[in-house]
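Got some structures for you, see below.
Look at the two complexes coming up: chain A is in both, with chain B in one and chain C in the other.
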Partner chain A sequence: MAKIIPEKEIPSLASELTKTHTVYAPVIKGDETVFSEINDSAEIALNYSQTPLPPKMYFLPANEELFKVVDDELQKAGGIKPFIVFLNLKDLKAVNYLDKIMQKEPADTFYLQRRSVSTLVATTESAVGSHNGSDLTLEKRNNSTYLAHSFTEKGNKILKSSLFKEAPIPEKSAQEPLPNHFDELLLDSGLLAQAVEWSRENSPSTWEALGKICLSCGICTYVCPLCFCTSTEDKTSIDGSECTRCRKWDACTLPRFAQVAGGHNFRPTQKDRYYNWFYHKFVRAYKEFGQAQCVACGRCQKYCPAGIDIEKILTRLVEDYKKAHTKKT
Partner chain B sequence: MKNKPKIAIFDFTDCEGCEVALVSLREKLVEIATETEIVNWRLAQKKADDGPYDIVLIEGTPITQTEIDTLKFLRGQTKILVGLGSCATLAGIPGIIDKEARSGWYEKIYGKDYKPRGIDALPLSAYVLVDYSIHGCPVDKSELLRVIQELLAGKTPKNPGYSVCFECKLAGNPCRLLDKKPCLGPITAGGCGAICIKGGSPCYGCFGIRQDAQVDNLVMTLRKFSDPAKIENYFSMFLKKTPEYKKLFDNKKERNGKP
Partner chain C sequence: MENALLPKKAKLVKIEDLSPDVKLLRVKLSNSSFPTNDSGLTFNPGQFMLLGVWGYGESPFGPSSSPYEAGFIDFGVRNVGVVTKHLHELEVGDTVTLRGPYGNGYPLNSMQGKDIVMVTGGCGIPPIASLIEYLIKNRKSFGKIYLIYGAAAPDNLLFRNSYLRWQKAIEIILTVDKPSPDWKGCTGFVNAHLGKVKVDPDNTLVAACGPGPMTAALAKTLGGMGISKRQFFVSEERRMSCGIGRCQHCTCGDTYVCLDGPVFSYDQVEGVWD
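Right, the complex of A and B next:
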């Protein structure tokens, strides 16, 4: 026997959970699906492909007050109410990866604190096997029914809801989504890393051209579920008695990111900065974690106001790299 | 007890909207007035002491010789001179008109014998060293407060290093450029909360051009769906007296002048 929930009951589950948790889920707003706090009887867009802002904003807020010093006394930021995020498998994968990055010493305790009070509920049409990093995954089996897979204590607690029914595992008829070309590219992170690193010296025209297109607006990093760079500043009250340490999302595509005291900039041109974004995601991440910092969610290319197609660039770099490599041997 | 810093607020040709933003700080303004001495502020108080001052905030564009002279005098009277609002920092709305058009209008409106007092519409920085510019039409209250807090804490304030796009994305606005509508957000410094875009209007750049902005790249993107005259129009609203505007559009004018 297994726990199942009818599709039409999932919004009720979310609103039931708002009694004990803050609940965030994808909802349709205008032409977009966006993450939003759920109140009673909200429709949840279970099958969203991508939202403009990724769920990282709940664990790494865009603007965050870390702590205060008031009259020379340290005051830590207040406790965070436990919260639940409904998300798809790609966004789940990104949160899992972000956990790994933030746990690496020196660990980001502010991020980890938010993660410790959060519960991840994934929804998917794919078959679910072993623990996928969620607390609870709701797998679509057929048009009307989801099968629940709980992986943690937090997940078990949600399963106690009377909205879940004991039933035999329903026959699977929901279509398994096929991997797209971007997903396939990511399968060989090692090749991507080699191609991107190789391109800096061997395909300079690629980066020259992109440096003349990129608007340096920072959007690709804000919408990326895995970009985690922030800048830190202290805010002082008018009477000088209070100092607050704040951080906000930063972007390596912005000019001040690699500027140091005295004014020197380690990445003085847009070309350098734009290459760095690729370098960190596909080369450095691979060297550090054995995997590209990308889940092929497609946000960066969908929301780039200059229309830069990142997937196309990667595809071409890999092709060029392979060609150059076969010529040599 | 240490002496409280002396603040003075002056204005030239403008709408006084940025001073109203200062008044709108309400309780925070009272706090500022408690921690400092506001010794001269025509709009808000009778007290009008002469310098020297520690901080002078100047709103508006210096247009007449008297205003230009006053500006130069005030520079000598203060340790820190801050431009308040786009009229002071960019020449703003007064900067839209050019000198030639201005003399034409003078004649049309006031007749041939009129002796104009207006010299030009240029930002404060065209005449004196400006220590910090609080851009905006009007200035954003939290930005205004941030700069005052930093000055009082002895810091050197810095313009936001990010674009309007940061706050625009957080506000959940659909991207105008993706909808093929003009917007100067990517090249404009943030701090405004993307208020215009939220209200359905393009960004005209009143917060000033961001450090190392990719102006040419934005023009390329704009040209995909907007004609050059329209693009120039968007840039001329607040940025007409910037070097970036001159570089983009002034050469073309010379060519147009010689058919």
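Right, the complex of A and C next:
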């Protein structure tokens, strides 16, 4: 016997959960699906492909108060209310990778505190096997039914809801989504790392051209579920008695990201900065964590105002790299 | 779990003008002395700390005081940006924030038994000053010790009060670009004076702190003297925010200057594209 939930009951489940938790989920607003705090009447977009802002914003907020000092004394931070995030498997994978990054010593206590009070509920149409990093995964089996897989205590708690029914595992008729080309590219992080590293010297025209097209707006970084670079900034009250140290999202493509006091800029051109964006995701991250920092969600290319197709660039770099490599051997 | 971004509260106990735009700031913890590392040092010379002012932020500085001093730490702060401008406006008794020490520092173990040449220019001297204090304290463990220090003008030379004391234990060569009428030292760039250094090239370690063009010129001159790039250690400057290898500001190719540096042997940094 397994626990199942009818698709039409999932909004009721979310609404029930709002009694004890803040609940964030993808909802349709106008032409877009966006992550939003939901109330009892919300419809959840269970099968979303992309949202402009990724769920990382709940664990690494775009603007986070780190410390507050009042009259020279550090104030104790208030607790964070337990929260639940509904997300798809790609976004789940990104959060799991961010966990790994933030757990690396010295650990990021602010991120980890938010993760410790959060519950991840994944929704998918793919067959679910072993623990996938979520607390609970709802797997679509057919047009009307989802099968629940709980992997943690937090997941078990949600399963206690009377909206879940004991039933035999329903026959799978929901279409298994096929991996797209970008997903396939990411299967070989090592090859991507080699191709991107190789391209700096062997395909300089690629980066010259991209340096001219890129608007250095930082959007690709903000919408990325895995980009995590930040800057800190202090804010003071008008009488100077209160100060807050804030951590804000930054973007390595922004012009002053590597500029030091006095004005020297270690990455003075857009070409330098844009290449570094690729280098971090596909080379440095691979060397540091053994995996590209990308889940092929497609946000960076969908929301790039200059229309840069990152998947296309990677595909071409890999092809060129392979060609050059075959010639040599 | 320790919060790595939470700074310690410290007090300014002494402020001194080192040059027209550089101040020495001496900071002390309110109720305790600074903790020491496994070598009994408050920090390794060449490591950096994040010194800040609530309301304005924090910036990285290499301490200049003796690493054996646990009661206070000195910083040479040039008024060049937002944080340093406000550090310059503080008075004795004011509160500052402090995190670190971070990074590696100069390779003290590899220096044992060797001739040491330190080369620095302008505002690069604070970490070298603390290295000098370390070397003098352990003077017998080293061969010949030289400091070649260059600045724009005699007024821009920092730590002038220390030279007489240092000279009792090490050779000092001072050089300026624009000498004043009463200037008795050398003129020109620091690498032009490397020839005055009498060391055993096979048994020498060079420690530098200065801008890229200076270290590149030094590497070339040192090569001609038979001192390899692996014997030449430079401190790299980058923008820092977190100091603990996460925020990505200080990355340089595959390295995090805050974690893997800021001190690198020259063969590690030469020709790195980033």
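Miscellaneous remarks
Basically, the second predicted complex is superposed on the first by the 328 of 329 C-alpha atoms of A that agree within 3 Å, B and C clash if a C-alpha of one lies under 4 Å from a C-alpha of the other, contacts with A are read in each partner's own complex, and residues count from 1 in each chain.
What we mean here is this: contacts are C-beta pairs under 8 Å (C-beta built on N, C-alpha and C of every residue); 3 or more make two chains touch, one makes a residue touch a chain.
Model, not experiment: these values are computed from the prediction.
For the composite obtained by superposing both complexes on chain A, the positions of chain B and chain C are free of clash and fit together. Touch criterion met: A:109 reaches chain C, while chain B stays clear of it. When the shared chain is aligned, chain C comes close enough to touch A:262, but chain B does not.
Looking at the shared chain after the overlay, A:34 reaches chain B, while chain C stays out of its contact range. When the two structures are aligned on the shared chain, A:308 is found in touch with neither chain B nor chain C.
Between the C-alpha centres of chain B and chain C, as seen from that of chain A in the superposed arrangement, lies an angle of 70 degrees, given as a multiple of 10.
Using the contact criterion defined above for the overlaid structures, shared-chain residue A:246 touches neither chain B nor chain C, since it reaches no partner. By the document's definition of touching, both partners, chain B and chain C, reach A:236. Looking at the shared chain after the overlay, A:223 reaches chain B, while chain C stays out of its contact range. With both complexes placed on chain A, chain A has more residues touched by C than by the other of chain B and chain C. After superposing both complexes on chain A, the closest C-alpha pair between chain B and chain C lies 5 Å apart.
Taken together, the two structures place residues 235-236, 240, 250 of chain A in contact with chain B in one case and with chain C in the other.
Those residues of chain A whose C-beta lies close enough to touch chain C in the complex are 66-67, 69, 72, 74, 101-102, 104, 106-110, 112, 200, 228-236, 240, 243, 245, 247, 250, 252, 257-262, 264, 266-267, 272, 276, 279-280, 283-284, 287. Of all the residues in chain B, the ones that touch chain A in their complex are 28, 31-32, 34-35, 146, 148-150, 152-153, 155, 161-163, 165-166, 169-170, 172, 174-175, 177-178, 183, 185-187, 211-214, 216-218, 220-221. Residues of chain C that touch chain A in their complex: 1-6, 9, 54-59, 80-84, 95, 237-239, 241-242, 244-249, 251-254, 273-274. Touching chain B in their complex are the following residues of chain A: 29-32, 34, 52-53, 62-63, 212-219, 222-223, 235-240, 249-251, 254-256, 270, 303, 305-307.
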